[in-house]
Amino acid sequence: MDLGSVVGSISGIFLIIAAIFIAGDIHNFWNIPGLMIVLGGTVSTTLLTFQFKDVVTAFRAAYFAFTVDKKDPNSMVATMIKLSEISRRQGILGLSNIKTKSRFLKKACALIADGSEEETIRSALRTEIESLKMRHFIVQDIFRKMGMYSPAFGMLGTLIGLIQMLSKLQDPSQIGPSMAIAILTTFYGSLLSTLFCLPIAGKLKARTVYEVINLEIVFEGAIGILDNNNPIIVYERLSSFIPAAKRRSLSSMRTK
Amino acid sequence: MDLGSVVGSISGIFLIIAAIFIAGDIHNFWNIPGLMIVLGGTVSTTLLTFQFKDVVTAFRAAYFAFTVDKKDPNSMVATMIKLSEISRRQGILGLSNIKTKSRFLKKACALIADGSEEETIRSALRTEIESLKMRHFIVQDIFRKMGMYSPAFGMLGTLIGLIQMLSKLQDPSQIGPSMAIAILTTFYGSLLSTLFCLPIAGKLKARTVYEVINLEIVFEGAIGILDNNNPIIVYERLSSFIPAAKRRSLSSMRTK
Amino acid sequence: MDLGSVVGSISGIFLIIAAIFIAGDIHNFWNIPGLMIVLGGTVSTTLLTFQFKDVVTAFRAAYFAFTVDKKDPNSMVATMIKLSEISRRQGILGLSNIKTKSRFLKKACALIADGSEEETIRSALRTEIESLKMRHFIVQDIFRKMGMYSPAFGMLGTLIGLIQMLSKLQDPSQIGPSMAIAILTTFYGSLLSTLFCLPIAGKLKARTVYEVINLEIVFEGAIGILDNNNPIIVYERLSSFIPAAKRRSLSSMRTK
Amino acid sequence: MDLGSVVGSISGIFLIIAAIFIAGDIHNFWNIPGLMIVLGGTVSTTLLTFQFKDVVTAFRAAYFAFTVDKKDPNSMVATMIKLSEISRRQGILGLSNIKTKSRFLKKACALIADGSEEETIRSALRTEIESLKMRHFIVQDIFRKMGMYSPAFGMLGTLIGLIQMLSKLQDPSQIGPSMAIAILTTFYGSLLSTLFCLPIAGKLKARTVYEVINLEIVFEGAIGILDNNNPIIVYERLSSFIPAAKRRSLSSMRTK
Amino acid sequence: MDLGSVVGSISGIFLIIAAIFIAGDIHNFWNIPGLMIVLGGTVSTTLLTFQFKDVVTAFRAAYFAFTVDKKDPNSMVATMIKLSEISRRQGILGLSNIKTKSRFLKKACALIADGSEEETIRSALRTEIESLKMRHFIVQDIFRKMGMYSPAFGMLGTLIGLIQMLSKLQDPSQIGPSMAIAILTTFYGSLLSTLFCLPIAGKLKARTVYEVINLEIVFEGAIGILDNNNPIIVYERLSSFIPAAKRRSLSSMRTK
């Protein structure tokens, strides 16, 4: 996680909490039944909508999105060019014992080294990319739905509070505090949605975009190695994925 | 249905109901005309929008989505590899008497065993997948529209209550309870939408995604059997549908 | 229109109206200027947005959607198989004097009987399907826009009422009834949208889906007749459009 | 502009204005600072979002959409068939001096008469259609964004009014009129959006659909003339763009 | 930036500010904790959602969108025609030392001059365009998300203010000013979203459309130079991107 985001977000959240609690009593913002309605309702409808396993996967994905750094597409391009040169010198069998943490790259190398037809390689890698997109979409959807359920339960809690208050409207001096408690669940629901669910859903979506670019670089690079395997042409094709201003030159990638 | 979801959702819903009713009288939340407006209105506009048969189908689909387990794509891949090996040993006629509950797989086998052209098989199976997606979309749409109609009728009920109350605004002590009853329909409508319609629509959508993956595995597998029928290549193509972390190896599928 | 829908919707609407009017005076819900704002505003902005002819077409389409039964895709498949057999026995000229109410089927038969090239037939029929989808989309859009304009005019009416009431806020006993009248237009607008515009738009959308399936069956059937004209293959291709559970067997279609 | 729309929309708008002003004083609905906030805000954010030239183009397009009649696709089909016959009798050079107001048709004729390759013609005309769609989309977007900005500034105006009123809440008899003025901007914003921006955006969208159909007829007709140039086949292809009920027969087009 | 937009937007914003502050005290609209909640919350959730680098890029892109003029597509067409003539006279090597600020055009020229295959050129340039679209989409998304977060934090601030006020509802004379302060954050949030975030997001989106047109002109022009390199045909293809009314003639481009 880059330092700027850490400093920015922590100081920002601190500012908000300070602004909230300096002016009032903290215990005005604390209400157990209200929390139960919002949290319990959001969690249980999420479990109703999705499978338990998928929800666990989603939270693990959120954790990784905030802790693991995204890979630089330049280094991915450099890797593909190195592979192109290896397969030129050693033949495609040279790709069979590449060491990499990326399962996708490993699969691409294995398929090429096995001498599979281009059609099979294309189809297998394309399916892999599409499946990853779809799984990531479900993961994002879990947080997006949570960001939709939590304000809904906040409003349900406020309606419950209002109905109880209005049903026994005898002592007018009680109206204020009762209203405060009723509104509290709307506050919980909005806070949960705005500060937690929606930013995570957005982060996961942005992450997917960058991850798919890296996969596309591997895909295009693998096809390039199969086609005519000229490192210069492979570089021309792959560097197009990177904004011109951040693109590294071919020579800097080769000496690396 | 996986245990985690059952425990999670039941305890969650219990928590909410407890939070609602501990603090107030239950009879404050019970109003027959209000229920009639929300339930009657939602049901009748749903019947106006869709055909009776489709609505029945939708409720049956919802029941199955919560009771029948989704199939593991790994076992579907294993099935296709077994079929690939059968057709290698026995010829494509060996596929003609496969026993399976999946009508789609049965149709794919029958088409291959009949010696149909690849173009015909592709077109028939693709149409089948697209038709299923479209039918599932209508089923999801029924619950999504119900989740839209029920808050609308909740608001209509509240407007009716407000207009009646405001028209005879003489005794101010009556305002509170009248307001409580008026707001009650908004509560009913939101509850029906948030706790029932939207989670079911979401569940059905997520289910469709998983079901379509299984159909795509059969589709790609059938094409693979037609093309060159090498179990290793079939495995490479089909395993791409499964996330790398959950993928079973080819050997474990064969010994099975 | 199927009986279930008729009974369901009529009894449902009756329930709602009963719930509305039992508890209060009917004349509280009757206000001519309010009705004028909502109805007049919705109609005039709809006429501004669309052409007069299109609006008339939309209302006629809505009438047919509720009165004419949708055609069973099974019988459409049976028709195409019968045509396949006719063209086998009599040659494609046998298709030139087919009697059918469907203009699309008639055009398909005429094109085949004229000995047009497959490319021309494909292009003409595909254009026909896309044009129908687009025209139906405009028709649905008219009701969707009406369902958006009517609550907007309801709110405008309420704002007008509120501004008039607040401008001369002297006699507090007048607030209640004035508010009631102001809120009435919001009620009219929501009622018009929820009970009338949105269900019709939804109905038309669902109808289009079923109608397009029938056209696709004719399209695929015509291509099948051109290609190799084997009723068994035509059946395999076309039956994929129908859910497996409702599919009729080829033999039952032939004896028909 | 067809008469029905004129009569319908004018009488409708008259009804609304009557309903608004009969019941109350006109000067209650007149507030200069409020108008400044809503109109000034909407115009300035629109100018911030789009380029001055594009906004001018949008207003000119809106003017034309309401004054110039849309062309009948039947007459466009008839034109294309006439061109097909001319090029049969006189050769493709006969298309070089066609007189027409449509620049698109002129370009299509010029390209054919120049003896360009089909690929070039296809690509040039397709680009032209896509560019027109995109430019029309921007024009619609300007009115759609205005229809979004104007209620937002209406609400901002109301918030300003409420804050000023609440800050000096001493004389309760002043609340009513102050509230009325505060709400007025919400009324202005909604009125501007509902009666002006959204119908124009809708009109322009519907117009684009019809205009694109005419361009598609020219496109398909030009390809037909290039391909084999049989007026009967050209008619079969082009008439598919027109709903069967409104389609004119080939003979009626030829004698024309 | 064109003068019309500058004058229009500055005078518009001045009008709004005048309308706001003439009628009331400025200090009623100034509240530090409220500003902290809205600004701090919006900034910190934006930093949580996106990477620090991307946010910086977005603000730089917004600055350029308002200061740098968009390029005229006519001059881009003229450039491509000049290149077409150069490569006719001097051979494709003549394109190797073209001087231009556009990195995309330089890459296209370099690829052609290197004698790359059409397939490689197509794929590299297409990837470049798609990558640019995707990066621009992320940049727009940052302002769109900010325009969504800021009203959400405005509402959260108002809820905090309301809860504090209602909790100690003893002195009724305090209600007004407390409410005013509570509503203030909603005002801040809406203002930030409507006057700042949404117009910038819209501007960037419109900019992308125009920029992509220029890239498409280079793309089609490069393909045209490769294919048969006839300036007249290149002009016919490229001029289709420009609306007929603004199109310059081929001769005026050549003499330039």
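Letters A, B, C, D and E mark the chains in the order given here, with residues in each chain numbered from 1 onward.
Methods note: a residue touches a chain if its C-beta (ideal position, glycine included) is under 8 Å from a C-beta of that chain, and two chains touch if they have at least 3 such contacts.
All values derive from a computational prediction rather than experimental measurement.
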*Please state whether the interface between chain C and chain D is built from the same residues or different ones, using more than half shared residue numbers as the mark of same.*
different
*If you fit chain B onto chain E using the CA atoms, what's the rotation angle, as a multiple of 5 degrees?*
145
_Averaging over Cα atoms per chain, report the distance between chain A and chain D in Å._
39
*So, what's the distance in Å between the C-alpha centres of chain E and chain D?*
24
_Per-residue overlap in chain C, given as positions that touch at least 2 other chains_ = none
*Graph class of chain-chain contacts, one of line, ring, star, complete, other*: ring
*What's the ring order, kicking off at chain D and moving to chain E?*
D, E, A, B, C
*Where on chain C is chain B touching in the complex?*
2-5, 8-9, 11-13, 15-16, 18-20, 22-25, 28-29, 70, 173, 175-177, 179-180, 183-184, 186-187, 190-191, 193-195, 198-199, 202-203, 206, 209, 213, 220, 233, 236-237, 240-244
*Which part of chain B faces chain C closely enough to touch in the complex?*
33-34, 36-37, 40-41, 43-45, 47-54, 103-104, 107, 111, 116, 120, 123-125, 127-128, 131-132, 134-135, 138, 141, 145, 148-149, 152-153, 155-157, 159-160, 162-169
